[in-house]
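Have a look at the structure that comes next, please.
Chain IDs A, B, C and D follow the sequence of writing; residue 1 opens each chain.
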Amino acid sequence: MAKPKLRIGLIGTGFMGKAHVFGFASAPRVFELPLKIELRTLADVNADAAAQAARRLGFAHSTAHWRDIIADPEIDLVDITAPNALHKEMALAAIAAGKHVYCEKPLAPLARDALEMTEAAEAKGIKTQVGFNYLCNPMLGLARDMILAGELGEIRGYRGLHAEDYMADAKGAFTFRHDPAGGGALADIGSHALATAEYLCGPITRVMGDCVTMIKQRPDGKGGSQAVEVDDLGRAFLRFENGATGSIEGNWIATGRKMQHDFEIYGTRGALAFSQEHFNVLHFFSTDDAKGRQGFRRIEAGPDHAPYGLFCVAAGHQLGFNDLKAIEVAGFVQAIAGKSQENFNFRKGLRIQTLVETIQASSRDQCWKSVT
Amino acid sequence: MAKPKLRIGLIGTGFMGKAHVFGFASAPRVFELPLKIELRTLADVNADAAAQAARRLGFAHSTAHWRDIIADPEIDLVDITAPNALHKEMALAAIAAGKHVYCEKPLAPLARDALEMTEAAEAKGIKTQVGFNYLCNPMLGLARDMILAGELGEIRGYRGLHAEDYMADAKGAFTFRHDPAGGGALADIGSHALATAEYLCGPITRVMGDCVTMIKQRPDGKGGSQAVEVDDLGRAFLRFENGATGSIEGNWIATGRKMQHDFEIYGTRGALAFSQEHFNVLHFFSTDDAKGRQGFRRIEAGPDHAPYGLFCVAAGHQLGFNDLKAIEVAGFVQAIAGKSQENFNFRKGLRIQTLVETIQASSRDQCWKSVT
Amino acid sequence: MAKPKLRIGLIGTGFMGKAHVFGFASAPRVFELPLKIELRTLADVNADAAAQAARRLGFAHSTAHWRDIIADPEIDLVDITAPNALHKEMALAAIAAGKHVYCEKPLAPLARDALEMTEAAEAKGIKTQVGFNYLCNPMLGLARDMILAGELGEIRGYRGLHAEDYMADAKGAFTFRHDPAGGGALADIGSHALATAEYLCGPITRVMGDCVTMIKQRPDGKGGSQAVEVDDLGRAFLRFENGATGSIEGNWIATGRKMQHDFEIYGTRGALAFSQEHFNVLHFFSTDDAKGRQGFRRIEAGPDHAPYGLFCVAAGHQLGFNDLKAIEVAGFVQAIAGKSQENFNFRKGLRIQTLVETIQASSRDQCWKSVT
Amino acid sequence: MAKPKLRIGLIGTGFMGKAHVFGFASAPRVFELPLKIELRTLADVNADAAAQAARRLGFAHSTAHWRDIIADPEIDLVDITAPNALHKEMALAAIAAGKHVYCEKPLAPLARDALEMTEAAEAKGIKTQVGFNYLCNPMLGLARDMILAGELGEIRGYRGLHAEDYMADAKGAFTFRHDPAGGGALADIGSHALATAEYLCGPITRVMGDCVTMIKQRPDGKGGSQAVEVDDLGRAFLRFENGATGSIEGNWIATGRKMQHDFEIYGTRGALAFSQEHFNVLHFFSTDDAKGRQGFRRIEAGPDHAPYGLFCVAAGHQLGFNDLKAIEVAGFVQAIAGKSQENFNFRKGLRIQTLVETIQASSRDQCWKSVT
């Protein structure tokens, strides 16, 4: 019996669009998916670019008008990798058309927009997903499983980080990422640190923020310069519902750092340490180990850490960034077929947005804020 | 204008078969390939397995008879991931039929068979490739470029290693890998260490081998046990044509090690250190650095190290094992289209086989041997 | 000509007392000191312990009364390693007697006491030192030199840490370190993180604190339990006079961590990363390095990094904790002889105390505080 | 009751002499030694240098004639840190005078001389020690204890290394270390790798050597150049009495390496990995750990690993190179007092010398040799 189809319309041909296609192409070869993915239409404002990318990436059709995708009854899932400012309009249109929606992060520049999108999706009963791919790492799943199983005991302290240097050069031009509506290091990459923190330790209840703009002017690309208002680094103290406390930092001017998405978690029985710089490894300390033999243990991702074994035959081979996208896609396809929960749906995307805005508000008002 | 097609017939549905399909599916989305890959037929001795895998992996047809692939004029490339003992017969048949051949390593259990295959391929003028995927790592390309550019000065010393623990358990059953014809740790994984050594430092001229069997009996799977003759670890001293000396070790009983494919290279001006355990990183020491500021520099793979940038937008995202397969496939497709050299053809596969056998003979005879 | 003598009276025979003696014994053999150190009297409340330790550690005399040391005109320097609560009384007595004072950190439980001690010492013109030994590490000196020389450009971000797990066990008894007067993780070990931050980046001007008590009851050693009020972890956001911003954390319940005295500093031209876990190493990233060759450089302590070369003949040998004490002692002896500045005098100890209290106050009041 | 004295006469004021004095000064403060060490006489061919060093290092007397030390009935132990070529004459004289002898490694340039020294010492019944300080590391003691306790199971494979770059510069002048009588990388630093190998895995029974001279001419310091015959790197395959096999390398032209005294040991139940670059750490892999939780565990030196706790109060503080010398001295003093075995006596020094010469002979003759 042939599997039901899942026909994809993708908006955007940039890096993230390509990464999503990689996921769509790879997921069915790696996982036993309940639906057959079909790459139907690729949209880009530039018709030629759309046509060329469609040919290269394996889409049957292309268009310069994203609304063609919405209007097409042969499309089941709309995948949005267009600029952040367009996410809301596109997603609402897709939801209204009853299509499942896969949207790159951030869901929308502002939490109130993300809320509108989330409520529309829930009202319509369609499936949604936001692209928080770092959470698809089997070693993060392992960390979460270990915490839930009590292998660390009661969690006490958390330290999270997402630092890169891609905005460290003050001569780098002003872009949409520097736009006050939703931009800044905290929103852009600190959001990953927040997503990981809640994924592992559960809800954050209160925050105290510290958002700082270090590069106050950037070239406007026309020979002049433009004032920057968004933060270059955003820090926060955290309180978790489970009683733990912690901190995170999002930083895009961390000279020399390319992917310092790190965390350390301290519990009463053990601890975990992780760096995305070596994301096939999780370090685990257990107070159960014998005296004189204790130490952080370097666990390498392997077939014991599902779904790693579907990708590689043995530990040591290692997953790459694009493999995480395949895991993300597979989770969403399974959710659409009703075989599992949505991994990271709009409501969770909204949640991260809310955390970001609460931290920003806390920083502005210089006081602790509850996360509502 | 439509691209010419490259129609694939794949023999084997195991881990490596799946990895190759991953490469075929991924390469065209990542690279601008001159040919359009089409997955035509998948062969497996088990007809049901073949049919099921074909459906899952995206092949149009399946068969229980690999000779169907040879006989099919609609197939351009035969990809062999069947057990080592069958490589020769399959490859010779494919070559005779004028098809390009992609064969998993080792080319054949014995160098004399590999020679026959190589000569047949060269006589017929078809393109060949052997799967030495570790060499497709951009950081190994970087290492080689640095060496060729003289950034290390004159090379003096080399230390190579490929150690795993997948045969460390003496209760693990006797398999084809323990068969005297071509088996053993040196042939199986030491071959990777040898391939990397020659890739970086050029031809090896003389060797002194030390091959050791530590686990002398293994369960035969029928309640009894079977004597093992092949080596569990194989070491060699090396002489290179460029005047350098070195050593390698292949070891499949290295308890705790999953992918210790490591090397260190020492030159008059600098040094490199690498471990496959973190294969998106290359460590570089330069005597040109200022006094008091010298040290091994941890270079992370990024867009400066082609073709990394085709996979990921920035350093830190990292490639995985399967991405290396995509690079391997892309190189072969470009070679078939005449756009580049074969990356690692049968003659080079034969070369590694010859090195392995020379080391084994040296170990047996307990004296140095020239590599012919 | 014989060197003038520097006659030592030491109060305390615990671990720190022993470490100081190690420094006194080692410093003159490593450095060309202008004074001849003589271990004169060792004081401990337990006369037998004092006598025994004096014999073992090489003191000529011992006493059960620390005031004997103050009263002895043959003593030039009083070294205080007694419990924190006694520092003030002892130091003031020594100062009044015109003796130089070497005091373990913290100078006193409260900044107002530290101020009194500092002003007394300055009024009397004697030399003082507080034991912030981590700052005596040649690699921290290197870091500071690099920053002052502009090798990192303008400093933008700082992340500091001092985490251990020695209070992680909730069954560990209540001690003087849990006493509200000056106790807690921030005061005890976060103070090291603060000292390093100012040593490297200059004055901190504003702080926002977050001090948390996770273990609220500890055994009182008599079968009951005692409420704990001091923090188990203290965090702070920081503003520096030079325009940089940063954060620090002091944490004594960081399960598995033994000496995570770490920092990262990001500047416009480069970055530094350090961990006390490998304190003979400093990691340096420079944007001046060639494209495609950039990366954090692992600089190993060596003779280029004074005074390392006085201890070991070559890089790689490595200093230990006790060697840092020797460097600390040597600096103080040279200052006493007028050959150099005091390394870390009472005023600087007071400064750290002030920072700690400002952070604690900020945490209590939940708002930013200026450091006065 | 006063302890009996152990009066020291030291020959040599170079780096090693200073390191020994450091040990003599530090050991009694750290350990409860059964003898009271007294630094009596320091000898150096240069009378002024001797006098100055004696004053600085704390010796009561100095002399320009080492035979004064031999002749002095008030000296119990002769410590030889003079050039290698003089070791034999000095040691034989000291032995004849009935003094205990502490001699820097190598015992003598040639094994036959070391044998003569060893037999003389044994005939006279005096105590001897050779300075293999790396073995005094508590983490090496831990490794050995773990192996003896069976925590690794049966040992199968060993990989040892001692690589530095201090002879990497071809413009470095010819020195006594390049002299054919006993010089070369294998003798100089490969000897450490051999000492560690036997310390951990027991007797080596057979070897196959590969000694290579890469820098064939060095400046003679008079404007000309001198031919070098000794090896710049020496490698060996090894067979151990316990059935294990292994390899070592000594390399003094390993550009960028300062102290790569590393080993990995693989057993049937576990493995150890160590690098002197971080010598307060031992990495331990155990197959007893739970599935999915296995990994190399980073054990940090602490009070559980005697005698670390005598130096530092807690893990994380770390020992330095000079502390290893203190441990070495303490062991010897205890042996002299009859409280323990000699740690590493002349017979063991002879053993290493024999291993070195057997490997050199094997390399020359290009065949395996038994170690007699």
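Methods note: a contact is a pair of C-beta atoms (placed from the backbone, for glycine too) under 8 Å apart; a residue touches a chain by one contact, two chains touch by 3 or more.
Here the structure is a predicted model, which is why all the values come from computation and not from measurement.
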### Chains contacting each of chain A and chain B, listed by label
C, D
### Summary
Note: of the two pairs A-C and B-C, more contacts are counted for A-C
## Note on the structure
Expressed in whole Å, how far the mean CA point of chain A lies from that of chain C is 42
## Note on the structure
Here the gap between chain C and chain D, centre to centre from mean Cα coordinates and rounded to Å, is 34
### Query
Rounded to the nearest whole Å, what is the centre-to-centre distance of chain B and chain C, using the mean of the C-alpha atoms as each centre?
54
## Note on the structure
Among all residues of chain C, those touching at least two other chains are 257, 294-296, 300, 302
### Message
Under the definition above, what is the set of chain C residues touching chain B in their complex?
### Response
142, 283-284, 289, 291-300, 302, 304-305
### Query
What part of chain C is in contact with chain D in the complex they form?
15, 18, 21-22, 25-26, 28-30, 32, 56-58, 164, 166, 257-259, 276-279, 300, 302, 311-323
### Task
Would you tell me which residues of chain C are touching chain A in their complex?
152, 156-157, 159, 165, 168, 170, 208, 210, 212, 214, 232-233, 235, 237, 245, 247, 249, 251, 253-257, 264, 266-271, 285, 287, 294-296, 366-368
